[in-house]
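The next part holds the structures, each set out as structure tokens.
Shared between the two complexes below is chain A, which has chain B as its partner in the first and chain C in the second.
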Partner chain A sequence: MTAQALTREGTPRMAIWKALLLTLPIVPFAAAALANDLMSGEAQLIEIIPSLLIWILLTVFFFRMLVTGKTHRYRSALFILLAFAVPLYLIPQLFELYGTNMLTPEMTYTAKARFCPMTMGMVILPAVLKGVVIFPGAIVEGIGWFFLWIGASLVIGRGWCSWGCIFGGWDEFFSRLRKKPVVKHVDRKWRFLPFAVLLAIVLLSAITFHPIYCEWLCPFKVVSEFEAPTSLATTVALVIFPLTFFGLVVALPLLTKKRIQCGLFCPFGALQSFFNKINIFELRIDLDKCSQCKRCFRECPTFSLDEGSLVSGKALMSCTRCGQCVDACPKGAMSYHIKGTRIGISPNAARLLFLYPAYILFCGFGANVIADALWRVLRLITTGSMI
Partner chain B sequence: MAKLKSVLGYSVAALGIPIMIAAVLGIRLFLNPNAFISATGLEHSANWTGGEVVQTIEHGTYQTDVHRPVFDALIGEHKKGFVQVAWRPPEALPARIDEEIDADADGRADFRIELETATKQASLTPYSPNVIELQGVYDLEETLAVRVRLKNPRQ
Partner chain C sequence: MHGFLLGLANGTTCLAFCAPVLVPFLLAEGENVRQNLLTLLKFLGGRLGGYMLFGLLAWATGSLLSRAANYEGLVIGAAYVGLSVLLLVAVLRRKAPAPDACALKSAQDKLGRWPALLPVGMGLLAGLKTCPPVLLAFTDAASIGTLSGSLLLFLTFFLGTSLYFLPMSLLGAFARLPDLRIVGKFAALIVALYYLVSGILLFAGGVQL
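And then the complex of A and B:
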């Protein structure tokens, strides 16, 4: 760590020239939205301005991550921005195409639903065993998501949940609103709930040939598309969606300062946890530096550190690699780590090798979504319509 | 050994960068999704498509497509399902359709459908105890379709 100094909290800083140099590879990926605009050949200035701003923002944030040694602070801001951008991007698009964001039976029977990576756990078993896609979205779109998801999961494991998920920023936002939690103790046994939900929805979806989580439980239907109330079942589901959203994504994160939906309910997150087992990256505690203050333990938004972690020096398999514990550790004992290497030898190299793919994933579709959302907001201001 | 593990670790970690680039950018470059879909034989569940058409009845200006009864399940069949009957092309349909449908292809009509094509109002007269009810009338892309809920005679 010759080119590094330590911040007050003990995390590694980087020299500006070095940070600038290491930011350069990210610049073309941060320009994803701009490249799309320019390639379309018909983009107007009002469309290019948001893409330019996002390009600058993504580049500056990566540079700041390197120069300050802080990961979570910048990732979280972008992650929340993406979550808020998704409905601004998706819902007007659906109105442009179909005049509504409610899925009618006609739209499901003609596969007009938008594929979402959260469907993967439900879709894979019937697809592999029967060659049948049980989600009513275009299979081509599903294949695109599948390869993005499998590639990202192999590379960053459950890091998907803090760097790639298009919805996770919602409960991250609400979990960060209060300074102190109202509910300080959450029984750690609840950590097993996502695995139970995953098992239940995978089996039920395979048995019924319907994407059960999407049809009955997904909180994020509130900010995307949902089935039109054309039957008793779809009407009941329409009551459940806002309840799960306000319960798991708004109220409980506000009260506990934890990402309750991501940490204690999301079956897709549970599925991602298994990728942490085969993934090369992990979060480790250098027990020689650790003062056992348990700050990481308290800060972790997904209950992925416990008393056992302070003995083993490892985060649990549910770790989303958000970097909050790394930023919070006053001794610089927490770090991104590559399995098989010695702890504390070159934490900045391990962090960089994680940050590059994670940030490329974020830029890959995040840049487009945020730029489009910003463009729609600008359009609303200038023309009175987002469509 | 520790050095080898370390070199391997960093190599695998570095390999993650091109893999992620391929996952984010390369899918459209390296893979033709339609070819992939053809090769794997993936298709939508019959719950959405209505299943394969097993019988087409010609009426001169328009046709009736009777799909296979759908009771699809991962293992075996469901106790209840549906059959989709569709009329096309929509612009050539008469104001009123009144048709008896043999859903299970046993040579006997299982139900009668009366459908007002303009208002999409339909009524069902079951002839078979396996016919439960009319699920709905659907204005699909190139057809006007009804779905009728059925009991599975094999269950």
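And then the complex of A and C:
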């Protein structure tokens, strides 16, 4: 519900009360980290303070989304915060447990590696065909991830990539640093690359019984865990990881102002795109309002709008529902939409219905991670150590 | 299973290589889905024949290679590098190759008197074409060492690649073919780079595939 819409229904004060009321369902989910601390029963004040701050931050940001009608502005800030929090949360934990973030094959195969949801596409085929889980890190955790991933994907589709992904904020951050892009045109055919990466790594993984993407390509190994260099192959991989990180997550997003890793490479994103086909939400253009200014093209960070969208009135299947085009459209022609309903009818209700599950997903992933990272930073300041 | 998965991995490349022959033929025929499926099955039958011949050849080559067992890493590594280079060249060429166009034309003329056999002949020639995915399967089959294993690998490779051909009997699939070819080309490029790196590492003794 946007402020404009709220204001139409009454006074600004009424609108704020209404936004407050609509924020209430989010409050318990935003308190996930705090609840975790309180349930542990051993949390000290220094641990509770970050959780309390995150609870307030998440609640205030959702409230601001409702009052201002802006989605992307607040989502993006939280999304980037989560991405930066992940290494601060994960790497010290690994050092606490194993004294390193370089995992040996033995540690991986004795289920000491964390299960990464990005492996989902590679894991499924060998598991179905041979009954072998090729990423044997914490199987129980993996099953939990599987059900969470399926559920969230069915509800918000590729919205996962802008609301649930713990790494996507990195290239979003670098894509937002420059005011104008240096590279303005990216050929259409590159949009198919994530599907090719998905196809290649799923099938190569099924042939070799190794998670090929994790072993050779994942740029985010730089900010998480990676295999120790015990052979020529793992040493070569250690050279590739920083190169893919610098190229896909830093340099190209800086030059294009686009989320290159998410939009043009990530195989998990390609997999998520298929969920956009079966999920009820979509981004639509009201062609009666649209002035064909193409600002949405330029703003879309994942190349999910093109000339065809102006004819069909739809975003492409790769849309991550980040809301950037909705925020940017000067005519208010872009909106969240529920499939099967008429265009332009209750866009605010559709947005609100999308925001609830998407924001709950973010709170589920983000609250604990950001609070823990904040606590570790405070710990570093007060004790000189993050561990 | 390995041959089947190898076929699945390279199916889009096979499709991209064979589509210039098959699609115009099916479109020119202008039949319904059922007739197109029948034509496709004939084409695939011919292709299977071509693959079986390759299986036989791979077994013969493998027998020779087994004498150089001490150099297996070097030989297979070099084969992977060679294959990946071929695949890269094929993918990076500006135009998609028109496989065996002259041979097909000639076969079409000869088989023209027996229209029902025409798709079978086309399939056989397409199967005999040494496109990179076939050479990849050839290398794997040669390393098995037994005739039955070699033939079985090519049979399962055929089944894996053939899955991509089945939707072609549906006319709706043709509309998406250019996009599918782009995906196939990129995927082939990634597979080629993977085999190039693996081949170099195998050659250097750094990894055991």
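Everything that follows uses one rule, which is that the second predicted complex is superposed on the first by the 373 of 387 C-alpha atoms of A that agree within 3 Å, B and C clash if a C-alpha of one lies under 4 Å from a C-alpha of the other, contacts with A are read in each partner's own complex, and residues count from 1 in each chain.
Assume a residue touches a chain if its C-beta (ideal position, glycine included) is under 8 Å from a C-beta of that chain, and two chains touch if they have at least 3 such contacts.
Since this is a predicted model, take the numbers as computed values, not measurements.
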Could you look at A:Ala350 and tell me whether it touches chain B, chain C, both or neither (first, second, both, neither)? first
Which partner does A:Ala200 contact after superposing on A: first (chain B), second (chain C), both, neither? second
First (chain B), second (chain C), both or neither: which does A:Leu177 touch? neither
Which superposed partner A:Ile212 touches (first chain B, second chain C, both, neither): second
Output check: A:Lys189 vs chain B and chain C. Expected answer is one of first, second, both, neither. What do you get? second
Between chain B and chain C, whom does A:Ile143 touch in the aligned arrangement: first, second, both, or neither? first
Give the label of whichever partner, chain B or chain C, reaches more residues of chain A. B
Chain B versus chain C as contact partner of A:Val236, first or second or both or neither: second
Residue overlap on chain A between the chain B contact set and the chain C contact set? 129-130, 206-208
Given the complex, residues on chain B that touch chain A span 2, 5-6, 8-10, 12-14, 16-17, 19-25, 27-28, 31, 33-34, 36-37, 40-50, 72-74, 136, 138-141, 145
Listed in rising order, chain A residues that touch chain B in their complex are 29, 105-106, 108-111, 125-127, 129-134, 136, 139-140, 143-144, 147-148, 150-152, 154-156, 206-210, 230, 280-281, 338-342, 349-350, 353-354, 356-357, 360-361, 363-365
Contacting residues of chain A [partner chain C, same complex]: 129-130, 189, 192-193, 195-197, 199-201, 203-204, 206-208, 212, 216, 231-233, 236
Show which residues of chain C lie in contact with chain A when the two form their complex. 1-2, 5-6, 8-9, 12, 179, 182-187, 189-191, 194, 197, 201, 204-207, 209
